[in-house]
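Lettered A, B, C and D in written order, each chain numbered from 1.
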Amino acid sequence: MVIALKAGISQSQAERFIGFLEKYGVTVHVSQGAAHVVLGLVGDTTGIDEESLRAHHLVDKVIRVQEPYKMANRAFHPHDTIIDILGPDQAVRHIGDGYLTVMAGPCSVETQEQIGAIATLVKKAGAGFLRGGAYKPRSSPYSFQGLGPEGLRLLLEAKKQSRIPIITELMDIQDLRFFEDVDIVQIGARNMQNFSLLKELGRCRKPVLLKRGLANTITELLMASEYIMTGGNEQVILCERGIRSFDTYTRNILDLSAIPAIKRQSHLPVIVDPSHATGLSWMVPAMTKAAIAAGADGIIVEVHNDPEHALCDGDQSITPAVFEQLMQTIRRYAEIENKCF
Amino acid sequence: MVIALKAGISQSQAERFIGFLEKYGVTVHVSQGAAHVVLGLVGDTTGIDEESLRAHHLVDKVIRVQEPYKMANRAFHPHDTIIDILGPDQAVRHIGDGYLTVMAGPCSVETQEQIGAIATLVKKAGAGFLRGGAYKPRSSPYSFQGLGPEGLRLLLEAKKQSRIPIITELMDIQDLRFFEDVDIVQIGARNMQNFSLLKELGRCRKPVLLKRGLANTITELLMASEYIMTGGNEQVILCERGIRSFDTYTRNILDLSAIPAIKRQSHLPVIVDPSHATGLSWMVPAMTKAAIAAGADGIIVEVHNDPEHALCDGDQSITPAVFEQLMQTIRRYAEIENKCF
Amino acid sequence: MVIALKAGISQSQAERFIGFLEKYGVTVHVSQGAAHVVLGLVGDTTGIDEESLRAHHLVDKVIRVQEPYKMANRAFHPHDTIIDILGPDQAVRHIGDGYLTVMAGPCSVETQEQIGAIATLVKKAGAGFLRGGAYKPRSSPYSFQGLGPEGLRLLLEAKKQSRIPIITELMDIQDLRFFEDVDIVQIGARNMQNFSLLKELGRCRKPVLLKRGLANTITELLMASEYIMTGGNEQVILCERGIRSFDTYTRNILDLSAIPAIKRQSHLPVIVDPSHATGLSWMVPAMTKAAIAAGADGIIVEVHNDPEHALCDGDQSITPAVFEQLMQTIRRYAEIENKCF
Amino acid sequence: MVIALKAGISQSQAERFIGFLEKYGVTVHVSQGAAHVVLGLVGDTTGIDEESLRAHHLVDKVIRVQEPYKMANRAFHPHDTIIDILGPDQAVRHIGDGYLTVMAGPCSVETQEQIGAIATLVKKAGAGFLRGGAYKPRSSPYSFQGLGPEGLRLLLEAKKQSRIPIITELMDIQDLRFFEDVDIVQIGARNMQNFSLLKELGRCRKPVLLKRGLANTITELLMASEYIMTGGNEQVILCERGIRSFDTYTRNILDLSAIPAIKRQSHLPVIVDPSHATGLSWMVPAMTKAAIAAGADGIIVEVHNDPEHALCDGDQSITPAVFEQLMQTIRRYAEIENKCF
C-alpha cells in the first residue's frame, strides 16, 4: 500500500501519522519529495481500511499494491483448481484448466416434457451438465418467476432419466434445503454481491458457479469468490456473462478479456455464458468459439426445443439442432486449445 | 407494443402470427411497408414476453410503448405518494413531494458512545432520521461487516435516547425479525434486484428505502419497486446514489437527472445519497444543494464525529460541524424550492 | 510517481533499473517489502512515459501522484481565471468564478428571420451570449449539416442587430478564417481530442469553449485544455455536457460532480449544457438549477422559437417563453450562489 | 419509423399531424389503442429528423425501424466488400471476408534503424502490412507527438526496403498531401466523429481504416463509414479497438461481439486491434485468437523490438519473438476459420 500525503505537511504531523500507521503492524518507508511525502507500507495491509485512510486530513491518495484477495489469489495458490463432479452416469466431470465443460439447457424448467426432451438432447450431443432454472430472476414481477420447488423436482427427474448432472440457480438461501441433489449451485449476476447469500454458500459443501455482476470489476468478482472461500467452500467456478455498456445492439458486452485476466490473477476455473452476454441466439456460435479461443474452461448456453414459446429468454436460446452443430465446433476448438473434452 | 416483422414474409405467415398474438387478448393493427410489416398491438401487453417474441423467426424488432410498471406508474396513480412516519418524539415526518427529509448518521454503528453522540448531534442540527448500519455490505470479507444484532440494539438505544426515528439496511430476510422498531428498512444498491428480498419486503408493512443499483436503469428501479408494491407494501421511497461509470475521480457518478425522470414517471418519493455517490466528503455540500435544486424529496448523508477512525466510508463522511453548516444550506434551499422542512 | 516492481527481483536488477530511472533527472526512494519493492520517484515526472515503464519486465505497477497537467492546474495557478469579453453593446461580460454567464440560442442557424428573432428574444431575456451553429456535427451524413459560411454570416448579422456577442462551433481549422468576429469559438464534444484542432486553437487569441467528450475523464478534459494553453491561448472555458452511459432515458448523463471536481483541480471557468446532456427540453429547467447550485459558472442552453420545426435538436430545445421563465430562475439562483449576473 | 402519440389527443389534432408527416412523402398507418395512437410510417424515412419529431407536442415516442445507413448496409449491398491492395513486392493483399490480414509494427516511427528492423522482422514473419505512426494522438501535450513528415519519410523508406505496404494514421487533413505513397490511411478512434476529416477522406481514393471510437455504438461506426462512402470512397475497413468501460484492469474492453454484429449489418471488412483494446502485451495472443474465432477479417497489432524504450504504448507492444509465435497461431486459426492467409 502506498500513501501520498498532502502538500505542506509539517515534519511532526507526518511523524505522528506514521506512528499511527505502524500500529497496524506494518513498517513505513518514507519518500520525501519536493511537494509530496509518499509513504510505502510494508507488511500485511489487508486489514487496513483504505476509506478511513483517505478520510485522514493529511492524506491525498491511497493506492493498494497487493490484491485484496488471498484464497482466490494465484500468488498464494499457484496450482489451478480442478473441480471434480461425479454424475449419475458414474462418469466424473472435471472443471478447470485443461478441460472444457459444457453446460446446456433451457432458461427455465417449464414442463416435464420440455425439460426431459432437452435433457435427452443435450446429453446425447455431449453436454457435461444440464442447466435449467426453477427460480428465475426477472426484472418484472409480472414475468414468469419459475416453477419453484416443482421446477426443481422436474429437473431432478430429468437428471435421473437422462443421467446427467445439473446446475441450477439459487436465489434465496431458504430454498437451499431443496438443493441436495443439485450438482452445482448457481449464483446469478444480480446476486454476485448478495453477501449474505455468499456467506451461506461458503458454509455449503457444493460447487458454486458464481456469475459476474452486470457492472462488477474482475477484482470485485474475485472478492465475491473470496467470501465463499473464506466460509470454507473452495469449489468456486467463475462465469463471465457480459457487462453493462452503452450500446444496445447486444444485451450486454461479452468481456472476453476477463478470461486471461482471471487466469492470471486466480487459480479458479472460469466459464463463459454467451447467451446472456449477447441476448442474441445467432451470435452464440461465434462468441462460443471466441470464448474457447480466449482460454475459457467451459461454456454455459441456453438451449430450448421451442424458443418461440419459451417462457423466458427465447430470443437468446438456440435450438437443439443448432446446439448439436455448436458441440462439433466446441469439440474442434477444445482440441485446438489442448483441452480434454 | 410495436412489432416489426422481418422483410420478405408471406401474407399467410403474417396472418398466422397475428392470430397467435391475438390469443394474448390484444387487437393487432397492421402497417404494410415496402419491405417491413409493422404490427401495433392494442390492449394490455404487460404479460407479453418480449423475449420470446424476439425469438420468433418472423420477428425483427419488438418495442414496448407502455411502461412495464403499473403500481409505481404516475399514469395510473397521478397523486404523489406521501409517507408519514411518527417518531419517538411524537412528531410526524412526511416524506414526499412538497417536503424535504434529511436522514443522517454514520456509515456503521460502532459503539454506544459513537452512535449516541452522532444521534444527538444530527437531531439537534435538524435531521429527520438517524441512519446507521448494523449489517454492512462490504466488497471484502476482511472488512468490518457490522455489529449485526448488537448494532441494531445500539441503534435502537440511540433512537430512544435522542428520540429520533431510524433507518437501517437489511441484507438478509432472516434478520427482519430484529427490525420491529426500525422506522424505515433500507435495501442497498447491491440488493436492488435481490428479488426474493423485494418480495419479502412486499409482505412487510414498513416503509422501505430502495436504493438504485450500481448500473440499473430508471425503469429497472421502478420495476424493483413494483415487486415490493405488488406484494402489498406501497410505502416505497426511491434513492439515487450514483451509478457506475468510467471516470475514477468520484466513486460513482451522481445521476441527478434521475430525480425529474422519476417524478415524471412515478408518484413515489425520491431522495439522494451524495455520500456514496461521490465518495468524497468535500463534494457532499455542492451535490446536496444540486440535489435539492433538481427536485429531490430528501437527502441521506453520512456523518461521523471522527471520520479518520470510522470503520467504513471514512473518506466520504462529513463531520458534525460540516453537517450543521449543510443543514443551514438545506433549509435555505428547501425554502427556495417551496418544500416544508 | 510510484513504481511497484515485480516480486522476486534481484538486488542488482533493481539497482540497474534505479540507475535508468535517475537518468530522467529524478531521485528514487526505495521501499523494500516482503515481496515487492516499491520505488518513489521525486522530481518532475511529467516527461516520464508511464506506458514504457509499465512495459519494463521488472515493473508491476506505475501510479502517477502528480496530475499530468500544469497550466490548467490550480496548484500552479491558484487564482480563478476570469475571461472578459466586450460585446457589441459595449458591455463587458465576465466569465468565471463569481459570475454567472448565460449563452442561449438555437442548435443551428436556419434563416435570417429565425436567428434574428431568437437573438432579440434571448438578449431581451438577459442572456449574455447568443449561440447558434453554422457547422453542425451530425451522426448522419443525411442530416442537415449546417449552412456553413452563410450561417456564420447570418449569425454575425444577428450579432450586429441585437448587439449580443456570439459563440459558435468550429469543426474544421480551415474555416477559422471566417471566425474573426466570433467572440467565443466552441470545440464540440466529438472534437475534444482532435489534437490538431486543439493545437491550432492554441495559436489563436480567441476564447475557446471546450466541451467534454462523450466518454472522457476530467483529467483528459484538463489535458485537452492543456494542449490549447501550452499553445499560448489561456482563455479556455470548460463545458460539462453529459457523458455516455447505459440508461437510454436521457441522451447522456449530466455529471454535475464535474463542477466541483474541476474547480478543485483547475482555475478555469466551467459551464454546463443541460440541453445536450439530457436531450429532453422538459428537464432543462431542473438541471439548470442543479447546475448553478453545484457551482457552475454558467449555462449554455438551446432555445428555438419553433422546436417542432427545428432542423436539429428540436426535442431538447426550449421555447423563448420557457427561456424567459428559466432566466428568472437563473437570476434567483445566481443571487443565492453569490454570483454576479 | 414508428411514432407513438401522447395520450388524450383529439381526432383533428391527430389528423393535422398525419397531414404534416405525409409531406415527407411517406404513407401513414394508424393504430388506435385505448390510450395511445401509434403511427407507422411507410416509405423512405431517412431524411426525417427524429429530434424535431420528438419535440412535437403531440409526440411521445419515435422509433426507427430501418437502419439509418444505406451504403454501408448489407441489406442494400449483400456482397462482402473485398479491398485489394498491391504491395511494393507486387503481391496483392485482399482485405475482407474469406481472408485474414495482419498489420503489424510499432506504435510510432522513432528512428530509421527501429522502423527498418521491425519492418524486416514483421515482413519475414508474414505480416501483410507494416503499421507505424508518424503523427501520434497523445492525451498529453507533453508526450512524444510523433516525428511528423520525417516519420512518414522513414516509414516510406522502410516500405521500399522491406517491400511491404504501409498503414499509418492521419490526424489533420492538411497532412494528406504527404500520404501519396501510404497504402491505407488510418483514422484514429478519437477522430471517428471528426466529420470534416471523414468528408475529406470521402473525396480521397485510398483505402481507409476507420477505428471505432472510445464510446461509439456500432450504428455510429457505420454512420461514420457512411460519411466516407457517400463522399465517393467505398474502400472502408472497420476496426474494433476496445470501448471504454468501468473496470481499469484493461485499458478498454475489447468488444468482440462487434465482429458478428458488423458482419450482419454491413458488407465492409472488419479487423481487430488487440493492443489498444487491452493495453497489456501479455493479453494480445489470447485476444488475437479470440478475434479470429469471432470472425474478424484481420488483426492490427503493435510490435516493438524494444518495448521498454518505446516512445509510446510500450506496455502493450509485443516483441518480434512473441510476434513470430503469434503468427503461427494466426495461421493455424486462419486455417480453422477457412480464411486465406
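Here is the rule we go by: a residue touches a chain if its C-beta (ideal position, glycine included) is under 8 Å from a C-beta of that chain, and two chains touch if they have at least 3 such contacts.
What you see is a predicted model, and the numbers here were worked out from it, not measured in a lab.
Chains making contact with subunit C as well as with subunit D: A, B.
Per the C-alpha superposition, subunit A sits rotated 180 degrees relative to subunit B, a value rounded to a multiple of 5. Computed centre separation for the pair subunit A/subunit B is 26 angstrom, with centres defined by C-alpha atoms.
Computed from the mean C-alpha positions, the centre of subunit A lies at a distance of 39 Å from the centre of subunit C.
If you average the Cα atoms of subunit B and of subunit C, the two centres end up 32 Å apart.
With touch defined as above, residues shared between interfaces to two or more other chains in subunit A number as follows: 215, 244-246, 248.
Interface of subunit C with subunit D (complex): residues 46-47, 49-57, 68-69, 137-144, 171-174, 190-191, 193-196, 199, 213-216, 220, 223, 226-227, 230, 244, 281, 307-317. Touching subunit C in their complex are the following residues of subunit B: 215, 217-219, 243, 245-250, 253-257, 259-261, 264, 277-278, 282-283, 286-287, 289-295, 332-333, 336. Of all residues in subunit C, only 2, 4, 7, 29-36, 38, 40, 42-43, 60-61, 63, 65-66, 75, 244-246, 248 touch subunit A in the complex they form.
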